[in-house]
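Both complexes below contain chain A, partnered by chain B and then by chain C.
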Partner chain A sequence: MGVTAAAAPVGAARTRKPRRPVDLLVLLALPAVGYLGFFFALPLVALLAKSVWTSAGPSIESYARFFGDPFSWQVVGNTLKIATLVTLVTLVLGYPTAFAMARARGIFQILLLVAMILPLSIGVVVKAFSWQIVLRRDGVVNQLLVWSGLTDEPVRFLFTETGLVLGAANIFLPFMVLPIYSVAKMIDPRLTEAAATLGAGPMYRFFRVILPLSMPGVVAGIAFVFSMAISMYVIPTLLIGDRYQTLATITGRSFLFLRNEQLGATTAVILLVIAVAVVLGSARLARGLRRTA
Partner chain B sequence: MDNYLHVIDVSKRFGESTVLDNLSLVVRRGEFVSLLGPSGCGKTTLLRLIAGLLPTDGGRIVLDGKDLTRLPAHRRNVGVVFQNYALFPHLTVAENVAFGLRARGVAKQEIPAIVERCLAMVHLADYADRSIFALSGGQQQRVAVARAIAIRPDLLLLDEPFSALDRKLREAMQIELRQLLRELGITAIFVTHDQEEAMIMSDRIAVMNAGVIEQFADPRTVYERPATAFALEFVGTSTRLPGRVSDWDGDTVLVDTAAGPIRARAGYVSGAPVMIGIRPEKIMLADGNEHGMNVVRLRVLDRVYVGSKLLLHFDAGSGGQALAELNPGDAPDVAPGDMMSIAWRVEDTLIYPAVGHG
Partner chain C sequence: MRKRDINDARRRGLSLSRRDALKLGIGAAAVAGFPAIVQAQRVPEIVIGGAASHKPWMDKVVIPMFERKYNCKILYEGTRSTINLEKMRAAKDRPVMSVVQMDDPVMIQAVEEDLIEPISVAQVPNLAKIKPGAVHMDGMWANYQQPWAGVAYNTQHLPQGVPTWVSMWEPRFKGKVVLPSLQNTEGPWVLFMAAHLETGKPLKEAQYDIEAAFKRLRALKPNLLTIYTNLPQAFNLLEQGEAWLQVTFSSWALLRKQEGSPVDLAAPKEGIFAMPSGICLVKGAPHRDLALAYINEMLGAELQTLLTPITFSLPTHVDVPLSADIPQDIEVFTPDWAWFTKHRAQLVERWDREMAI
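So, the complex of A and B:
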């Protein structure tokens, strides 16, 4: 409301339509729209075209071939499994962290925020390499496990799904915490107090007040982390290797090493469809939860 | 009426500062009590201690024979109407009212009827399915009241619930809420810094200052016989004149003030510094027949006509002012600069030790 009210005099002067000042404001988005249209939407269309184009005209042959191969299903399975696990781990770790940050006071909140944002300035490659060192047979994690007596021998983490999920979850954690934090900060602490005075115990307060109100942040976090985890390329390459394929690594290999652009385009489109479906689906699910809460 | 809520020697500290120090308060069943005081006097803290939203640092809170002191808020059955209403933004009006019933596990089939009844009480029956964002401030306030009374609280606490409403709406809501709570027989404690609001709504007012209850009495006593200089100053308007006791005859003292000698019924030793207080409507124009009254002759500073009454401001010497509230017909020709004799009964002269006001 503040935006339209402030823009009203300008709109009135220029267009003589004082009731619709929004028309002019839309123009502000034009540079970004042009940029995205040319450098993102257009290549996307080209990619789609490439996946269905054969010498005999358009056909879904390459999709049929992909889904006809059992190995492809395993790749899709790997991709979904890793992305889901990474998302779950970041959600379980990130949700309480975000609320602790939102309720922290003064300098402590700033410190937590910095601790969360600073690692974003370190490149993914560097972080993935660091995790290689951390997860090695003689790495810090194994030294700790053996020293504490939890295990007799070093555990194999590197080039396993566990290692990949651990590393990826660490790298994507800020993208779960920050959206939940920004929503949590907006939740009036009096709402939980009001719920308490109405007879709601801690569990009831969490599931009926805090969780539904923080759902927009959770959905945003899931959308961020899932779409990044489903399409990550560098992290699996370094932490699990070539023998474990996901849609993203297959896409990369098709373009870079196999020179099979049609296969690459096909897997890229499938990846995109899955990511969009999951993100939209989780948003819809959250809306449903909000309503029944 | 029997005593219902006992707040016994309750203390609360935040870090170094003591907000409440051994405070005690007894509220009777069905009573409407206001905690009246300036911001920072501890009234909201006391409310939060009773609600269980803050732990006490000593003392006990007993409601209807049950010790609440160690009970968490959700086991106390003490309803709260918050200053900003704290309505649940993700729920409709009806769902907000039903929240407490559901949380308490009231049988599902009974809830709609209770919600409907509570919304009808606050005249919002037609708004059940609306979003709370579609309501005005006054309507939101009613939802907050309906939500709090739906759980049939043993005690209802209200934290400045009208402060966000405009004056006209506020006055209407004050009368309405008071009638509603009386009909339901709900014992209520009401926090406000607005003395007029406290007067209108309360059976008794607890005047609070710096974590201490300075006076706890019915509105008329608080107004006519303020227990302390603070209560006099905070509730209503008054003329306040510093002075020194010059004589005591065992029944009345004679006080020297900048406006002249004034008599008051009290016992003070000669030389004691005191504060004289007079309510404006106790002052009348002297007509030469002032037996047993205080009479002073002062210069008129200002004359304010407010329809039903005429306010006269006088120069009371040493920078002090005296305020008289008269009928408009009593002094039709008075103009600033005139000298006039005003009088009031010795019994109506309030007197306090001057400590803290010197």
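So, the complex of A and C:
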């Protein structure tokens, strides 16, 4: 025992790797780290402090009050529901689009890329207003529905959850497509050909080869879209109005109108925690899927 | 120093030629003297805060008239009343704005936070000519005009408009009614009217009966298209026929009608409401004398005679007649703003819950 105990440090010393010198290139990140630290991390700490600070000292009273109110659960439910639906719609539309872009060649690829990137230069407010026109009772969507016979009379889309999801999904679609596209472009097409020569059918090739390899892009897209959809403020304000409250709209109202900074800080922190949890959770899920694939 | 050395020194920037020195001297004199020249030519400049929607008539009528008369420059900052209040708070120790034009409920907050100071007849002679009820809290502010609020309608769908506030509850208007949020100054009207319709009491009494108001408003929910905080965006819905009815006020709705939009503003039989367009002196205002002169002009007969027809508002100066567009024989109700302001946060919170989708 004594010999083993005495020998252990010697063994540890023998197996210890030589210290690598610090790479000075790390210093290049200092300006960005300083910028983010000062303009993001510090305000975040201040926000957190504001949510728990009362005249009697630190307390979780504001969180208890928020979660003790059934209306708050409705607001959290609205926020999660809309963010999830928007993410799902963009994923369903964006995944095949990204692969089409990756597989396209020449002018078609350029056209698809331009079509995806150009709308990013248009402001969110302009896009949301455009959706108001598209979703009106006499708008294009309703004209198509009535013309095709799917409905007898115009359906109300404006100021409904459906209208909000459609509008927001359109605005956030490039943020789902582009990360998947960048990964899809790297997937070697010979891999699926190899799988086919080994007898794998199209479904098997998709679920066991393509999907696992594209998961990093999917996770990045989900992270982008979900975090933007969960915190969107202008789009719900324009497309569904004041009758539909989300955590972001409650936060804005608390700071800008009610001057209840503690409530605003509390809802902002809850929003951040949900967004971070979902993004980290989806990354973990993707890793798990890759391992099992 | 030899010529070659001098040239070398010049190339290295270590020496100046006579011409360079002269240029430098002229440049330095110009830089030093420029502020003095500008100062000598500068006219006094005052900053007026107000509503963004007022900018067209401020630019067209008020600012040219005042600048010409007082040889000064007005900078008009048009935004929401609550934003102006925030600016006043931020610059409390060193105010930038001299005068602020905003709504009565926000004025009450400004008084509570000691951001504005009272005006008197000695400072503002026209204050003596303002009609009763339009000078508030011992002269802390006064109303320079009162746009009236009623029910705006789309004339293509409803050529005759609506005769009564009760129409908004009719099933034929399902999904076609737009209301202002309680965050907006025009927001409380429908709350007060709902209380009046539910209880049958006069508006003066009914305005405090919030339970009755919300009971009636819950019945309106199937008819609601949306509730807005942004008036121009919401009014677009009415102009395009997506909405048929919208509670709003004259200085916006009738202006849009004049500009050719298919809209009009009904004055229902139960009554209309006076919007509280107030004007106040910022505490510690820069250019105080000019600020007082400006307030005096805004409360005066000359400017109100010019303004009320183009803003479709009720004048507050006793000598200015009502313009032809104003409903002549309808009760104009002014609510208890102090009570409403005191309870506004709770009312907004309840409104959010009761009116949610």
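Please note the rule applied: the second predicted complex is superposed on the first by the 271 of 293 C-alpha atoms of A that agree within 3 Å, B and C clash if a C-alpha of one lies under 4 Å from a C-alpha of the other, contacts with A are read in each partner's own complex, and residues count from 1 in each chain.
The rule we apply is simple: contacts are C-beta pairs under 8 Å (C-beta built on N, C-alpha and C of every residue); 3 or more make two chains touch, one makes a residue touch a chain.
Note that the structure is predicted; figures quoted are calculated from it, not measured.
If you put the two complexes together on chain A, you find that chain B and chain C both fit without a clash. Of the two partner chains, chain B is the only one touched by A:188; chain C is not.
The wider contact with chain A, measured as residues touched, comes from C rather than the other of chain B and chain C. Contacts of A:158 after superposition: chain C is touched, whereas chain B is not reached.
Using the contact criterion defined above for the overlaid structures, shared-chain residue A:241 touches chain C, although it does not reach chain B.
Of the two partner chains placed around the shared chain by superposition, chain B is the only one that A:196 touches, whereas chain C remains out of contact. Looking at the shared chain after the overlay, A:209 reaches chain B, while chain C stays out of its contact range. In the superposition on chain A, contact of A:258 is made with chain C only, not with chain B.
In the superposed model, A:137 lies in contact with chain C only, and not with chain B.
The gap separating chain B from chain C at its narrowest, counted between C-alpha atoms of the superposed chains, is 47 angstrom. Within the complex formed with chain A, the chain C residues making contact are 82, 175, 181, 183, 224-230, 233, 236-237, 240-242, 345, 348-349, 352-353, 355-357.
Residue ranges on chain A touching chain B, taken from their complex, read 188, 190-191, 193-201, 204, 208-209, 212-213, 290, 293. Every residue of chain A that touches chain C in the complex is listed here, in rising order: 71, 74, 129, 132, 136-138, 156, 158-161, 237-238, 240-245, 253, 256-258, 260. Those residues of chain B lying in contact with chain A across their complex are 51-53, 72-80, 82, 84, 86-91, 99-100, 102-104, 147-148, 151.
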